[in-house]
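Each of the next two complexes has chain A plus one other chain: chain B in the first, chain C in the second.
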Partner chain A sequence: MFASILDGIFNGLSIGSILLLAALGLAIVFGLMGVINMAHGELMMLGAYTTVVVQNAFKGIGGPLFELYIFFALIAAFLVAALVGLALERGVIRYLYGRPLETLLATWGVSLILQQFVRSVSWVMVFGLILFSLLFFGGQWLLKRRADFESVQKWIVAALLPLSIGISLAASTFLGQTYKLAVTKPWFGAQNQDVTAPSWLRGGIPIGNFQLPSTRLFIMILTIGCVVGVYWFLNCTKWGLRIRAVTQNRNMSACLGIPTRKVDAITFAIGSGLAGVAGCGLSLLGSVGPNTGQNYIVNTFMVVVVGGVGKLIGTVVGAMAIGIADYVIGTGILGNLTNNPALKEVFAFFATTSMAKVMVFALIILFLQFRPAGLFPQKGRTVDA
Partner chain B sequence: MTRLFGRRKFMVYGSAALGASMLLKACASPSAPTDPAASPAEGSPAASPAASGDTIKVGILHSLSGTMAISEKSVVDSTQLAIDEINTAGGIMGKQIQAIVEDGASDWPTFAEKAKKLIEQDEVVVVFGCWTSASRKAVLPVFEEKNHMLYYPVQYEGQECSKNIFYTGAAPNQQIEPSVDWLLENKGKDFFLVGSDYVFPRTANTIIKAQLAAKGGKTLGEDYLPLGNTEVAPIIAKIKAALPNGGVIYNTLNGDSNVAFFKQMQGAGLTAEKYPTMSVSVAEEEVQAIGKEYLLKQYAAWNYFMTVETPENKKFVDAFKAKFGESRVTNDPMEAGYISVNIWKQAVEKAGGAGTPTDLEKVREAAYGQEFAAPEGPVKMLPNHHISKTVRIGEVRDDGLFEIVYSTPAPVDPIPWNQYVTETKGFSCDWTKTGVDNPGKFKT
Partner chain C sequence: MTVQAAGGRQGVDWLRRRSLLMEVGIVALVALFLMFIVPLLLSGFRLNLMGRFLALAIAALGIDLIWGFTGLLSLGHGVFFALGGYALAMHMKLQIPATASSQLPEFMDLYGVTELPWFWRPFDSFPFAAIALMLIPGLMAGLLGYLVFRSRIRGVYFSILTQAMTIIFFNFFNGQQKLINGTNGLTGFKTILGATVSDAGTQRSIYLATILLLVAAYAVCRWLTSGRFGRLLMALRDDESRARFTGYNPTGFKVLVFAVSGALAGLAGAMFTLQSGIISPKAMDIAFSIEMVIWVAVGGRATLVGAVLGALVVNFGKSLLSEKFPDFWLFFLGGLFLGVVMFLPDGIVGLIRTQGVEWFRNLTGRSKQLSTYPSLEEDPEAQYERKNIDDRKSDG
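Presenting the complex of A and B:
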């Protein structure tokens, strides 16, 4: 009896911590900045793919170091996702602040691009992209020295774009035909990738006749670490203070000399980096493929909305509540608590994984009817809203 | 001000990119198959333009993007391998096969739309494609309306027998039923059924439950995960509760959920010795993706494994690796895709042509009885549009391939209408049969 209760608590908390880890980055990007980032899942996917690359690199080295690859993968995943997030903010999102609908569509487009990118990325493609950027952006940079750059910029772009596309396409086609499979073979392809946890993370810790899975323990610890880290960053550092200031009142912060653009970029990069960490952690439990991100995106938004936009504590409590509800309903434990046969039947009906999801969604909708702003609504004047 | 500038700049970039890409596309493929400028001169669709030249056009319709791209991309590869082999050997009756690949994008209405496009616009003479039963059911009305032909390469739940589809994957009696028999004999009588929440696993589990009831096994629980769901903790808890002392898990999960299921099974202490798991959607490619460490000693039921020892298979595997890379593996649906093209080729040769609508009917009839020495062993197309296949059970070994632990002594004939399920008991399918209302489903 004791073991099964422990099992239930552990499983509920563990599902919750997975949700929380996935949603933490979004809590910053969506919660603090108000950006509806549909590409959040794809940033997680990039983190997971980084894990694959790091793992394969360590496999090459071999030996006892391989057992520790996951820590290096976590750091690498954070950096890769943060850099991609930074590029995303600089290239797309900063033009769309304050326009949620456009942001939603644009980031959704980015998510599709990223998915197809990991499916088809090959040496030829990377070569072509680099050549294109060199020609296009390099050309613009060179021509910027002209005195009348502003007036002819449109024409320069119109001429440079087809030229650089043409040259890089021709060059990569030529490369592809010369070296064939060696360069045209996709790095990853459409197939799922294999991430194998180091041996100390496989299996579990037996307690009585039941076993605590060590990957789930690891993810719980990782989640706690991330939450504490984010809390510390937001509340105890200079940049954290600035982020909070910009969140509360952008115009006032700008007046007081806070570089809001820089703050935006840093906030988004950190949120994206956390998505990368989540992708790395979750690759131990789930699949790593082009669609990995899509599997989590709905859940992450759900957590942030339930928790209340803009509050870290809300995200934590929301994730745990949803996780525990999911487990309790899905396994039909509730049915054992009642003696009413009709009620028992109802609980049994919802005690399948699919139906439990339906029930959880219904409960969330019901909850939002009474608390539209979530568990911990932000009080006082809010920005941009 | 700055924002307006950004938007204008964006428009300049965008239109320039669009213009450039259109220009490049026009330059790159002057003789593109769908070039609208070339086709009006050839007249109405009835006038057999498809095979009038030196080529025969065929369609390949699979998901190259979206959830199912993971599995379907490799079937496209093997289908193209078969077409290339035929072309290098001189084509069909001197004509080269030209494949037009369309992306169904893991979206069922898109499948129907693309099927229509292949038939009407590209005027292909046959289509090879589809993976999920949902996509097949979506294109079925299109093929029946046009009285066209689809070769479907994946094991499926049966309960279907269309005049316009040839099924080259396994029917349930060629995969699920023999594997359940084998489990009952060798592994135990207590079963837990796990599946993804869509038509194939639900139908498959109905069949398994009926079969277990008939043969003295026990179904102690079943649960379904929505497609793509990777949270399997509740299911594992239920398995432990239903089978505290071990038992057989029958797994019809598809896609990403499989990865999560096997990774977390090991963490929760469900070992292969205590909980032997039989999967019907885990093949060589999936083993690579899940990680062989998680799958060691688990079982899978298929008609073909990469480790089948036939000279044809050696040739197939070598040719595939030479074309697509040494690290690639072959699996059952890929092999079925390869069979499809070859059986169709033989049927065309027997019918003596593949261009006109009347040829279509002739090719269909010529397909009945076609035999082919496939990598899995000899197969034969029967008048019920399914092929006879050898059934095998494999156990995952150290190198991520399957050790074949059981195979039927001879190819098993397909039974599309399931005999364990009461609604279809006694029905059969034979498209050469005359004198019945519906040769696709009649009472014998």
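Presenting the complex of A and C:
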């Protein structure tokens, strides 16, 4: 009995900590900008793929350093995801400010593109993309010196866009024809990639006849580290203060001279970076595929819904509650606690991973009847809050 | 203005009636064209696709009703679509000839089910199934809508809750092997109303029925969105708090319109299932539900014609492009999401309405249509000043 409870709590916390890690970045961004980033899962996926790349690079180096690759991978995953997130904010989301539903659709588009990107990325494609950006943005940059740039910008874009697409397509097709598979072979392809955990993360720590897997412990520690880090950043730094100010009242903050656009960009980059870290953690649990992110987004959204956007602690509690509920219902432990046969049957019906999700969703809807804005809502006096 | 001055209220009524008559005429013409001319132009395979896409257009109308007019972005319409599809599919699976050895759908024998589950039984009758395929999704939507709207959850919260619902239903249907054949879904339909489903003649009548139902759905949506109810929906979209302060309780209206939209999706699912020959939990894929939204976005929000047009354009584009470049289809789709949202917020119909009208007037030599006070718009001095002020702004 004791072992099964311990097992339930540990596994629940473990699932919860993954959810938390994934939801942390999402919650900050949602709280600040009111924007749901559908590409968040794909940023996690990018983090996981970065881990694969770093791991392979360290395998090449070999030796004792390989055991430490995971730390480098964490940093690299954070940076890659943060950069992609920054590009996403600068290139798309900032134009859609104040239209959250449109942002949702646009980020979904980005997520589709990213999924296909990791499937088909190859040297040729990277080459083509770089060439295209050079031609398109470089051309615009050059033409910006013209005095009448503003008035002809439309025409310049209309001329440059097909030109640069055409040139880069032709060039990469030519490359592909000449060097064949050497450059056209996809880096990852559609199949899943595997990450081998360093040897000190394999196995587990035995407690009685029950074993705590090291990777899961590592993820928990990672999560705690991230939460503490975010807490420190939000509460003890200058930019954190600004982020909190803009979260509370955007217009007032702007009036007081806080550069809200910059705050948006920085927050989005950090939120995306956290997604990358989450992806790195995930890669330890199973193989990494283009759809890795998709499996997690809905649950992470639910964490944000339950937790509310007012406080960090809301996200923590929300993630743990969903994680534990998911596990406890899914394994059917609840059935052992009751003697009522009808109730036992109900619990047994829901005691599979997928049916547990049904139950958890019903519970969330029920919960929202009492607390529509989550556990820790943003306090305010506006009607729409 | 002049008409109103001359004929008063009657004049306005007459004008309105005339435009309504014109609309009815155009819709009838298009429907007749689709019914009798298009089958001559397209091959059998393409015609079947056309029929399917027309069924999807019914779902697009439903999406337009809640997203375009009411501002609720549902990412869960795949569920209602699938519920409608399953309702009709269950009816068709029960059309077992009396001579057959087992009076159960064949997958049940496979999983060792000996008795028909209770909820299958009423689907044996066609009238019940025909009503249920709209009623069940409608009630489901109404229930979820009531629980969500009652606690004033809206905006992105609503969207992600509907999305979560999609996953939930997907999991549920996927897991119930014995009851509804799990992942494989229901397929292998034999007869409907005594006619063989796969028969060319039957498919032809199904195609015609789809068009008629689409016209009916269009009429219902048109009726709902014109007049007071429609204006209230738009008021809820533009400023719900203000609508509430003026004394309307938004919950009931939102629940109603969400239910209607769900019912339309159910109808679409049923017609789609008839023509594709399968309904499986794949219809409750997250991606499919979001794609429905993009049909409406491409066609033009808050324009019913746009929804139909968008559904047809996007789906035909999809079937062509994904045949030609299967690897790049996702890039196209992703680009479509981005492009429409960022550069074409009003969709094709919106573009035609604003730019197209102007272009047409230019072409026919008529002057630009002016929305502000005319003399100011045409006064060169005012134009000059405006330009200079604009220039100064862009400098600073």
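As a convention for this text, the second predicted complex is superposed on the first by the 378 of 385 C-alpha atoms of A that agree within 3 Å, B and C clash if a C-alpha of one lies under 4 Å from a C-alpha of the other, contacts with A are read in each partner's own complex, and residues count from 1 in each chain.
Here is the rule we go by: a residue touches a chain if its C-beta (ideal position, glycine included) is under 8 Å from a C-beta of that chain, and two chains touch if they have at least 3 such contacts.
Quick caveat, the model's predicted, so the values are computed rather than measured.
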Partner chain(s) touched by A:I28 [first = chain B, second = chain C, both, neither]: neither
Touched partner set for A:K357, first chain B, second chain C, both or neither: both
Broader residue contact with chain A after superposition on the shared chain, chain B or chain C: B
A:A73 touches, of chain B and chain C: first, second, both or neither? neither
Chain B versus chain C as contact partner of A:E150, first or second or both or neither: second
Partner chain(s) touched by A:Q116 [first = chain B, second = chain C, both, neither]: both
Partner chain in contact with A:P206 - chain B first, chain C second, else both or neither: first
Touched partner set for A:L181, first chain B, second chain C, both or neither: first
Chain B versus chain C as contact partner of A:T331, first or second or both or neither: first
Chain B versus chain C as contact partner of A:A81, first or second or both or neither: neither
Footprint overlap on chain A, comparing chain B with chain C: 95, 115-116, 119, 294, 352, 354, 357
Residue ranges of chain C in contact with chain A within the complex: 67, 71, 73, 144, 147-148, 150-153, 155-157, 159-161, 163-165, 167-168, 171-172, 174-175, 241, 286-287, 290, 293-294, 297, 327-328, 330-331, 333-338, 340-342, 345, 394
Complex contact set, residues of chain A against chain B: 7-8, 11, 14-15, 18, 95, 115-116, 119, 154, 157-158, 161-162, 165-166, 169, 181, 185, 189-197, 202-204, 206, 210-211, 213-216, 282, 284-292, 294-295, 326-327, 330-331, 352-354, 356-357
Contact set on chain A toward chain C in their complex: 30, 34-36, 92, 95-96, 100-106, 108-113, 115-116, 119-120, 150, 294, 298, 301-302, 304-305, 352, 354-355, 357-358, 361, 364-365, 368-369, 372, 383-384
Residue ranges of chain B touching chain A (in the complex, touch as defined): 3, 6-7, 9-10, 12-13, 16-17, 19-21, 23-24, 64-67, 69-70, 73-74, 197, 223-226, 228-231, 233-235, 237-238, 240-241, 255-256, 258-260, 263-264, 266-269, 285-286, 288-294, 324-325
